[in-house]
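Just so it is clear, A, B, C, D and E label the chains in written order, and each chain counts residues from 1 on its own.
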Amino acid sequence: MTWDWNVFLTDDGSGRTYLQWMLDAWGWTLAVAGASWVVAMVVGALIGTLRTLPNSPWLVRFSNAWVELFRNIPLLVQIFIWYFVVPKVFPSMKELPSFILVVFALGFFTSARIAEQVRAGIQALPRGQRYAGLAMGFTTAQTYRYVILPMAFRIIIPPLTSESMNLLKNSSVAFAVSIAELTMFAMQAQEETSRGIEIYLAVTALYAISAFAVNRAMALVEKKLQIPGYIVAGVAGGGH
Amino acid sequence: MLGLDMSFLNWDIISKFVLKGFIFSIQLTVIATIGGIILGTLLALMRLSGKKILTVPATIYVNGMRSVPLVMVILWFFLLVPAGFYALIPGGSNYRAEISAIITFVAFEAAYFSEIMRAGIQSISRGQVNAGRALGMTYAQNMKLIILPQAFRNMVPILLTQTIILFQDTSLVYAIGAYDLLKGFSTAGKIYGRTEEAYLLAAVVYFVMCFGLSYMVKRLQARIAIIR
Amino acid sequence: QANDTIAKVKASGVVTMGVRDSSGALSYTLGDGKYTGYHVEICNRVIAALEKAAGRKLEVKYQSVTSQNRIPLVQNGTVDLECGSTTNNVARQKDVAFLYTTFVEEVRIAVKANSGITSITQLNGKNVATTTGTTSVQTLRKNERAKGIDFKEVFGKDHSDSFLLLESGRADAFVMDGSILAGNIATAKNPADYKIVGEVLSVEPIAIMIRKDDPAFKKLGDDTIRDMIKAGDMNKLWDKWFLQPIPPKNTKVGLALSDSTKAAWATPNDKPMEDYAKK
Amino acid sequence: MIELKDVSKWYGEVQVLNNCTTSIKKGEVVVVCGPSGSGKSTLIKTINALEPFQKGQIFVDGQAVHDPKTDLPKLRSRVGMVFQNFELFPHLSVTENLTLAQMKVLGRKIDEATKHGLKYLDRVGLMAHKDKFPGQLSGGQQQRVAIARALSMDPIAMLFDEPTSALDPEMVGEVLDCMMGLAVEGMTMMVVTHEMGFARKVGSRVIFMDVGGKILEDCSKDEFFNHPENRQPRTKDFLNKILQH
Amino acid sequence: MIELKDVSKWYGEVQVLNNCTTSIKKGEVVVVCGPSGSGKSTLIKTINALEPFQKGQIFVDGQAVHDPKTDLPKLRSRVGMVFQNFELFPHLSVTENLTLAQMKVLGRKIDEATKHGLKYLDRVGLMAHKDKFPGQLSGGQQQRVAIARALSMDPIAMLFDEPTSALDPEMVGEVLDCMMGLAVEGMTMMVVTHEMGFARKVGSRVIFMDVGGKILEDCSKDEFFNHPENRQPRTKDFLNKILQH
């Protein structure tokens, strides 16, 4: 098999080269992943916290249901349902751009996993921390805000790193709803140019670079948030 | 309701289109879980061995796999492994996509399982390790009899979560034309012009299976959990 | 010799046919590992000829392929002949060979019957659906530039998704190969709601794909197709698959034999798509 | 000042507090002891409502802990508590540990809170460590910071739950000294501990609890230590066990 | 029987053992004490090679621990060890805890191993709990099982690393009793502990270590407790601290 990297410099029919197109697509991948990350973190932190509340059985039930619902259906299927089925119930959602839909789908999907990690992080803290917060006169909300969450988040940075990398990789399903991101580029460009290997290689490399960047960024955050003298007991993470 | 028409999915169609994919998805999940855990445990042991010749390749392998999307790995494996390889497996050339998918999943999931097992092994306190050694056990005996049994039990919930993810990820084998559960539904939907209904049903089936699986394992876990 | 298919199947007794799970009437599955369609049937005839040449009965295996993997699979020997719906173009001819064109696809526009759209120029500013990973995307881009119009492309991940975009109103038109449009309309909930309109946006010869540099097998395949055309079998097959009801739902695709296909049959050839455009 | 009436608590079927009644007057130092699992921690935690209870009444400075209408955070802020495992907030510096609740709960300004907190830090002899993090201190130092943290809220009473049992033996002294100082100054204290030396030196009363959550003895220090003939057999058995070595 | 010569150990830059030299004769009970972080645990763990050391020599029953050719698992199997946190195997029943190493390391058959193990379980008074799991026992019971487990390997000597410091006070007694029984029967023992009562009753010698990993005192029990005038100031200070309360 012979390489033909010149394929990236050829015109794709609309006046830009495949290279330009691929870089645009990379931008979309990062945009989808970035926006979904924000949704996933906010919702995940909230749901994960709700799951650990004492004395609020209905909130706990709601958040458990959320997690089970969003983590037990494949992402591709979820996106499809957001895109085609939900608008049948709420016709106004038809007007939503697919970017927003995909951000919510990917964000909620990931939020279920982040919620699991947040819960694990909170439960990994000694019970005494909660007592200590309450005993100082903090309300439950204040106890979470000032005592529990800051520690829980530090503990779960390693699994959050994996989840963030997973989210980036999972953004590849956005092609299913017409986002011109890397996977769509790969599928389309290899069809047009018949240089599948070169295109896949380049796209794989861009994914790997992005995932690595996320990894480094999180490592930086971890270092920033490191507490002098504190030894973190890890919580494991899986996922993709 | 909602203008959906589920009637097209009768038993005939399910047995023709869906069942085959269902069986393959389950096969793939089971084999990849078992294979992935075995290979992953080996990788974890390599990474924890403290010997450079073992840790470096294992670390590169695990981090490499973890930074590439699964679809890409599936494609790469399928496209780059020479045909001759499949000839070595009995019946291999008939089920190329399927065999390729299985190998890819074992290799890929091993990277994730290895991280879980590594955390599991590290969660066993230094004291337990010392206790085994103090009784005269060799490194291998200590691993096999003391550390791994505890690490596995501690990690059951996370291994389970990973298996659920794995099961859902089997849907990505569409990239190489292997026939899985989702493809079973979507093919039936396409041929009968009932795409939406097929996806909705797929969602329900996946949910029931994943939820059921997690429920079952939670109960199993309660039984095998270490009393503390 | 790696590229001698006849010798290969003679030795192994097995021939592998690349098929698609849902490429309209050309190639699709009936479930249970059974595949059928216009192209599948032509391939069966080629295989019959191959059996004669090899002098033994051949076991036929099906390998479901996708647009991402079909070319590598032919190249690396997994698939002996690909009977999906592959466009014959110059770029692909660098990697694989094509038998004589069996079918000339015309890229058209499907719209809702009540939309009043009749031509591509009316799509200015509208949402136009097409499928990721197909040559139609490029066709659309070229048309956009050539005609100075601007539409919003929405991409389905496969044809049924793209059609769903049209059906659900997310797109105003679906630009795709005529046979695929016809096939999707035929299986739609209300086929009467849709129609195929407008000029032919591009013409693409569709052919059976085989390995490159295998003159003996190519000749065998080409001869089979030529003989089928001569004997009128091609016409019969067309009628069977595009005009009569087909399984599993017994719907009619209803796609008349086009002039370009007739022309291709008149002088059997394996010219790539680019040669058609020049006309 | 603190008053418990017939307090009972169950975890599911298991009763962990059984009709506990006692009261603590201003300035008293009450030592609670008893075997593991007898409900000492649970009892002390019911007083500032960290553990809910199903039956009975508790009044702290006249306020009803069992009343759902009571502002519990407010009530808790008036009772200081020190835990077995210190439970400093590990992500905050010593000074921040001392000031956070003052600011967020009592609404003090940062300057005032810092000044006030450091005053107590100085008292427990750790001024030099004010910018360190808990993880950088020894156990004994952490526990003294925890005491300063509780004191900086100006509590009307202090609760201690085995404050020295997680400490290395050579650090127990520094924490006990610190607590004795408080007792001598007249702080109202309830202390779960097995350090009988502390009870002997500064205790006013001793409560002995037995498994099942029953208060078996509740008498003055003098009576408790000097009149073994009046003690229950379980109490004597327990004292023998912990005093023998 | 156990002989340490100039043993030194570093963690990176930090020295945790500093030229430690001592020897323990058959039947001796040596008590090791000293402040936290002084290297007591490290020292005791070098003896059965759980901790490697960079300098010096250790001989156990004539075998050289520092010699890379020595079969360390074999050597370890001949020295019993008891840990601060018991370290029973939580996934195995009490009986399995007792028999596992006998079978896998000494190659005993299951019947023989069980019989032998239960003999020691009976000795520590826990025969009734033979089918329970460690998590179902109290701390004191767990530690007694841990002692039985070590004994069932028929060790030539026993090492104890703070065997009572993780226990509730009322359980300390039962474990110390059990250890005293062993000492009286003539077992060779090295015990890191702060229980000076134990040292007084059955110790033959006392070693005092100071931060930095130096052996500061190494003398007979009598000399150690009864001649404070001959002690180093650090030792006196430490003894004062732990004996005051």
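Just so it is clear, a contact is a pair of C-beta atoms (placed from the backbone, for glycine too) under 8 Å apart; a residue touches a chain by one contact, two chains touch by 3 or more.
Each chain and its UniProt protein: A, B = Amino acid ABC transporter permease; D, E = Amino acid ABC transporter ATP-binding protein.
Note that the structure is a prediction, hence the values are computed from the model and not measured.
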Shortest path length from chain A to chain C (each step joins two touching chains): 1
Furthest chain, CA centroid comparison against chain D: C
Of A-B and B-C, whichever chain pair has more C-beta contact pairs: A-B
Approximate Å spacing (C-alpha centroids) for the pair chain A, chain D: 45
Intercentroid distance (Cα basis), chain D paired with chain B, Å: 51
Touching two or more other chains - residue numbers and ranges from chain E: none
Per-residue multi-chain contacts in chain B, two or more chains: 75, 79, 195-196
Junction residues of chain A - those touching two or more other chains: 80, 84, 196-197
Touching chain combinations (by label order): A-B, A-C, A-D, B-C, B-E, D-E
Residue ranges of chain E in contact with chain B within the complex: 45, 48, 50, 73-81, 83-85, 87-91, 100-101, 104-106, 133-136, 149-150, 153
Contacting residues of chain D [partner chain E, same complex]: 35-36, 138, 165, 168-173, 176, 194-195, 197-198, 238, 241-242, 244-245
Contacting residues of chain A [partner chain B, same complex]: 68-69, 71-78, 80-81, 84-85, 88-89, 116, 162, 165, 169-170, 172, 183, 196-197, 200, 203-204, 207-208, 211-212, 215, 233-240
Chain B-touching residues of chain C, taken from the complex the two chains share: 14, 16, 21-22, 28-33, 61, 63-66, 68-69, 72, 76-78, 158-161, 163-164, 184, 186-189, 248-249
Contact set on chain A toward chain D in their complex: 126, 128-129, 131-139, 142, 146-147, 150-151, 154, 227-231
